[in-house]
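Okay, so chain A shows up in both of these, paired with chain B first and chain C after.
After this line comes the complex of A and B, so read on.
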C-alpha cells in the first residue's frame, strides 16, 4: 500500500473501488419487490410492527455489529464534529463556536503540515500509480509462473508493517554508515545528512515512498489487464498498430476505472501519512516533515487539546473529500 | 486467446528489468534479516580489537558470520590434519562464538526485553479480532443480503457511509469513549474498535448475494432454524469470502500502529509495532537488536502471505474490480 496507517485498512484497500464502480444499494432486479414490502410497511404501523416481528431473527443477526458500530463508529463520528466546536473539559465541555477552526487556519503549524502533506501526495501518488501501471504492463508480458513470482515480490513489502520498513530506511539514510551515503560515495558525492536537515528530510521521505512498490496497484492492474478482451488487440494488429500504440489506445483507456480507484485510494492513504513520520523524523527537523495526521496526533495526544485536534481532523476529512470529488470528476470526465 | 508472442530477447530484457526492480523493492526486507544475523563482534588472531560488522562502512550486504564460519571450519580441519590440537580448538571456539553472536540478538530480545510478550499480545489480539470479525460481519452481511426487513437499507447505508471517513477523524472521540468505558491501557481498547470496522460487512454482503436462494429455501423446508441455516449452509458457501476477509483483518490488526500507541502505556501490554517503536526510541538497543525485533514482527505476516497468497489476490480484486 502507499502511505500511512489508515491506507492499510482493508476498508480503504477495497472499499473505494466499489464506491466508484459498483452499485451498492439493493440488487436492481429485486428492487421493485422490496420497495413494495417496505412501502406497505411504512404506510401502516401495525404492518411495520408485524414485519419487524416476523423478521426478529434478522435483527438478532445484526445486533452484535450494530452495538459495536454505534459505540465505536457512529457516536465517535458525530462526536468528532461536535467536539470541534467545543473546548473540551472532562466535566462540561463548553461550545466555543468556530474558535477551533479559526485557530487551525491561523496557525503556521497547520499550514506547514498541509503544505508538506500536499507535496508528499502530489509527488508520490502519480509516481506510485504510473510505476504500478508500467510494472504491471511489463509483468503481464511474461508467462504465468513469472507473473505470479513478480506479483508476490512486489506485493510482499506491502504486507510488512510500515513500522519495520521505516526502521530499515532510517538506517539506509544514516549519515555515517547508511546505504545511500555509501552509494553516493562511489560518485564522490556527499555524505548527506538526509533526515537531519530541513531541506532534504521531506524529500528523503518522498523518495522512500516512491521506492516502496505500490503492490495493491500492481495486483489490481494485472487483474484488470487479464479481463481486457484479446480481440481488441487483434483488431488493432490488423490495422498495423504498434504495441506501444495498442498500449496507449487500448490498454490505458480500458484500465481507467482501475486507475481512478487507485488514484483515489493512494491519495487518501497519502493524506494520512503518519508511521514514517513518527518513526523516522518525528516531524522534524523543526517542522520540515510535519504532516497533517502527525500534527493531529501531537495536538490531541501530546498537548491534549482535544477540541483543536478535533477541528484539525474535520478539516483533514473535508480536504480528502474535496480531493476525492475532484479526482473523480476529472478522471471520469470523458467516459 | 493467444497473445502475440514476443521474441525471446524482448522477454529476457523485460525479465531482467523486473528482476532489478524486484531486488530494489525487496532490499529493505532483506536488510532486516541480514542485519538481524550480522556478526556484531569478531576478533581474529591478527586483529588488535574486535570489529562489528553491523554498522561498518561500507555496509556488509550479507551476514559476515557465514564466510567467517567456513573460514574457521576449513582452518580447523587443516589444523586437525596437521595434528595441531591447540590451533584446532581455537578455530572451533571461534565457530561457536560466530554462531552464538549471530543469533544472539534473538535470544537477547526474548530474554532482556518483552518481545516474547509483545509477540503473544499481537497474535492474541489479531486472532481474537479476526475470528470475531468473521463471525459478526458474516452474520450482518448475510441478513443484509438475503433477508428483507424494515430498515434494512437504512442500516446498510448508514454503515457504508462511514467507510469513507478516514480513521483519524474519530481518534479523539474514540479516545474519550474508551476512557469513559474504563478500557484505557487494556487490550479491549484495541479489540473492540477493531471489531467495529465496517468494511467486512460490506464485503460479506457482496459475497452473500452469490449464494443461491434455493439453497436457503431448501434448508428452511427441512425445518432448519435460522441459525442452523446460517451455520451449516451459508458459512461453508461463503468460505472464499471469509478467507479474504480473514487475511486482511489479520494483516490490518497485526500491523496496526497509530491507535495502539495512543491507548497502550504499559510495556507488558504492547503489541509488536508499539514495542519496536519504544525499542527504537529508547536508543538502548543496537541496530542488530532492532532489526531482530523487526524480523520477529515481519515473519508471521510473510508466512501468512506465502500460505494464503491467492486469497490476497482474490480479496483485492473482489472488492475493487468489476467482473
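After this line comes the complex of A and C, so read on.
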C-alpha cells in the first residue's frame, strides 16, 4: 500500500467528491466555475500562462512534488519503456525492436507468474474491500472512543513494514513451532508444510494478505460514511426499512466512489505483490508462488536483462491499466 | 644490390625497434603509475570477524589506515555492506554504473558473472600480476578468476562444503561417528536411521538424523548428487547432463531420507536457510544430528553457537566423495583513469599478502588462496578446519557458463519439487532438461 495513494481522496481522483454529501437522485455538477476557466484557458497558451501567473503560489507549492515525481517516477517509467526495446549492455545497449516483448509472451515463467498474480488479485482484492466495508460499518456504530480505538488498531498494519509482517507470518506458518500447526494440533490434525508445498504455498500467502486488515479502506469508508446525510436514513426508517436494507440501499450505493477508489488501489497493490514473496518463499517451491514483480526483479537484478525486465514491466503496466479501466467502467456504470 | 639489402635490413631493424619501444610504452600506459594518482578509492566489504568492540570491519579499517599513512594523497573509503545484500547492491550499482573500485566477489556467484567480464565491467589485472606474482597462488584459485587467458581478480580465500556432525547427539543415540570422517552412503544412512529418535517417549520424533535445504545459489546438498558421478552440464557446456541415471538415483536417495526412510524432518529440502542451521546449531533446538555446510559454519560452531561437533566428508557412493568449492577474492571494477587503476591494484595487493590471508584464515574460517599462507599452518590449533582443508582435493567446481544463474534456478526449482514429494527425481530432471535446453539454445 503506497502512502501517496492513501493520502489522496477518492473524490479528487474520481471527480465525484460531492456524491456522498448529496441526496439520492440529485445530479452532481460535473465542473465548477474554476474548472471552466481552466478548461477555457487550456486551448489558449496566453490565457493558460495568465492563469498560472495568477495562481503562481499554488504552482510553487506543487513544484517540489513535481520535481520529485519527474525524477523518481516519470523518468524511470519512460526509461523502462525505452529499455524494453533494447538489449541492455553496461556500455552501449542495442536496439532490438519487439524482441523482448516476443520473449515475454513466449516465456513459461511469465505465464506462470501472471496466473499466480491473477489468482492472488482475484481473491485478495474483493476480500479486502468487502471486509473493510463490513468492519467500517460495525465500527461506525460504536461510540467515539471505541471508534478511535478500532480505527487505530486496524490501521496499525498499514504503517508497519511488510518485511516485519512477513517475518511474523513466516513464523506463524513454521512447520515445527508455528501458530497454525499448533492450533491444528488441538483438533488432532497433523502439521501442514504451509510454505513448502505447491498446493498450499500460494494459498498461504493469499490467506495472509486477506487476514491483514485493509487499514486504508477502513479509514476511508469511515470518513465517507460520516458524510452521508442522516436525513436519508431517517426517511428510510419512516418507510419501515430495516437496518440491513438501509445498509444495502443507502450506505453501499453512496459509498460507490470510495469503493471504486479502493478497488483500484488494492488491485494495483495486488498486481505488484513482492515483499511477501521475496521474504517468505522466494517464488517457490518450484514456481508455485512466482509473481510478476518478483519475476521482473529477478530478470533485472539477478539476470541483468534490463531490456527484458523493461518489457515485462510495460506488459504489467498494460494489464493493470486494462483492469483499472474495466473496474472504472463497471463501478461507475450507473452514476 | 648489397646496398639495397643493407638499407632494407636497416629499415626493418629500425621498424622493429620502434615497434618494441611503442609496445613497451603501451604496456606502461596500460599499467599506469600508482604514484601519480591522488584521490579516493572506494572499497565494499562485508562483516568479517569481530574485535573486542564487536566491530567486524576492524581488519580492513586498520589496513586502510596503514595504507593511507604510507600513500600521501590517497583516501580509501570503506562501504560496509551486509553479505546478504552484497549481491543485490552490487547488481544495482553495476546497472547504474555507480560501482565501487574494489568489491569482494566470488566470480562464480550471483553478483558478478562472466557476462560482466565480457562487457568490460571487471578490469583484467594482468598488467599488475606477472608470472612470479601468480606463482604463490593455488592453481584452482587462479583458474576461478581467469577468463579467456586473463586474470580478473585476486583470490583471497577458498571455501568448500563439509558435513558437520553433532557429537552429543551421536553419543546420545549410541552411534559411532565415521572414522577419520570418511564413510559410504550406506554407513551414512545407517547412522541417520539410528540418530532419528523419540527422546521423551511421546510418540513424536524429537531428533532427526539429517537435513539440508534447496535454494538457487546454494550448494550444500549438491555433493550428494555427485556421489555416483555425473555433473549438471557436459564438458563443453552445451548439454544438460543432470538427468543421467546415476545423478537421478543420487537425487532420489537424498529426497528419500525424508520421503521413504523418515530420517529427515518435513522441512528437509525446503528453502529456509536460517531455520535449517538453527535446527543443528541453536542450543535450544539441536533437533538434527548431521547437516552439510560451507566452512564458515565451522567458525560459527566454534564461536557464536558452541557445539561439540566434528567435520566429516560427504558420503561416497559409486564414486569417491566429492564436495563443491568456491573461491572468494577481490575484483577491480571498470576504471577510466589508468593511474587510478594502478593505485587500486596496489591497494588490492596490499590487502592480499600472504600475511593477510593467514590472518583471515585464522580468524574467519576460510582457507588461504596463497600457498605460502597455507604453509604458515593457520589451523595448527584447529583440527576441524584442518580436516576440512584436507578435503580440498575433493573439490568440484560448478560449471562456468555465462547463464549459470538461470540454469541453476531451473535445476533447483525442480529439486524443490522432488524433496516435497511432488515429482520423482526422474520427472524433475526431465523437466529441468527442457528448461535448461531452452537456455542453452
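Everything that follows uses one rule, which is that the second predicted complex is superposed on the first by the 260 of 335 C-alpha atoms of A that agree within 3 Å, B and C clash if a C-alpha of one lies under 4 Å from a C-alpha of the other, contacts with A are read in each partner's own complex, and residues count from 1 in each chain.
By our rule, a residue touches a chain if its C-beta (ideal position, glycine included) is under 8 Å from a C-beta of that chain, and two chains touch if they have at least 3 such contacts.
None of the values given here were measured: they were computed from a predicted structure.
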First (chain B), second (chain C), both or neither touched by A:266: neither
First, second, both or neither for A:278, with chain B first and chain C second: first
Which superposed partner A:175 touches (first chain B, second chain C, both, neither): second
Which of chain B and chain C A:79 touches, first, second, both or neither: first
First (chain B), second (chain C), both or neither touched by A:286: second
First (chain B), second (chain C), both or neither touched by A:300: both
Broader residue contact with chain A after superposition on the shared chain, chain B or chain C: B
Touched partner set for A:48, first chain B, second chain C, both or neither: first
Partner chain(s) touched by A:121 [first = chain B, second = chain C, both, neither]: neither
Shared chain A contacts, counted only where both chain B and chain C touch the same residue: 174, 176, 300-301, 306
Residue numbers on chain B that touch chain A, as the complex places them: 1-4, 6, 10-11, 14-15, 17-18, 21-22, 24-26, 28-29, 31-32, 35, 55-59, 136-137, 139-140, 142-144, 147-153, 155-160, 162-177, 192-193, 195-203, 206, 209, 226-227, 230, 245, 248-249, 251-252, 254-258, 261-262, 272-273, 276-277, 280, 287, 290-291, 294, 297-298, 301-302, 304-306, 309, 312-313, 315-323
Touch list for chain A against partner chain C, complex: 89-91, 108, 174-176, 191, 193, 195-198, 281-282, 284-287, 300-304, 306
List of chain C residues in touch with chain A within their complex: 88, 91-92, 94-95, 97, 110, 113, 115-116, 119-121, 215-216, 265-267, 270-271, 275, 287, 334, 405-406, 413-414, 416-417, 420, 422, 435
Interfacial residue positions of chain A with respect to chain B in the complex: 5-6, 8-19, 21-22, 24-27, 34, 37-38, 41-42, 48, 51-52, 55, 57-59, 61-62, 64-66, 68-69, 71-77, 79-80, 83, 88, 135, 138-139, 141-142, 146, 148, 150-157, 159-165, 167-172, 174, 176-179, 182, 211-213, 216, 219-220, 223-224, 227, 229-231, 233-234, 237, 257-258, 261, 268, 271-272, 274-275, 278-279, 293, 296-297, 300-301, 306, 309-310, 313-314, 316-317, 320-321, 324
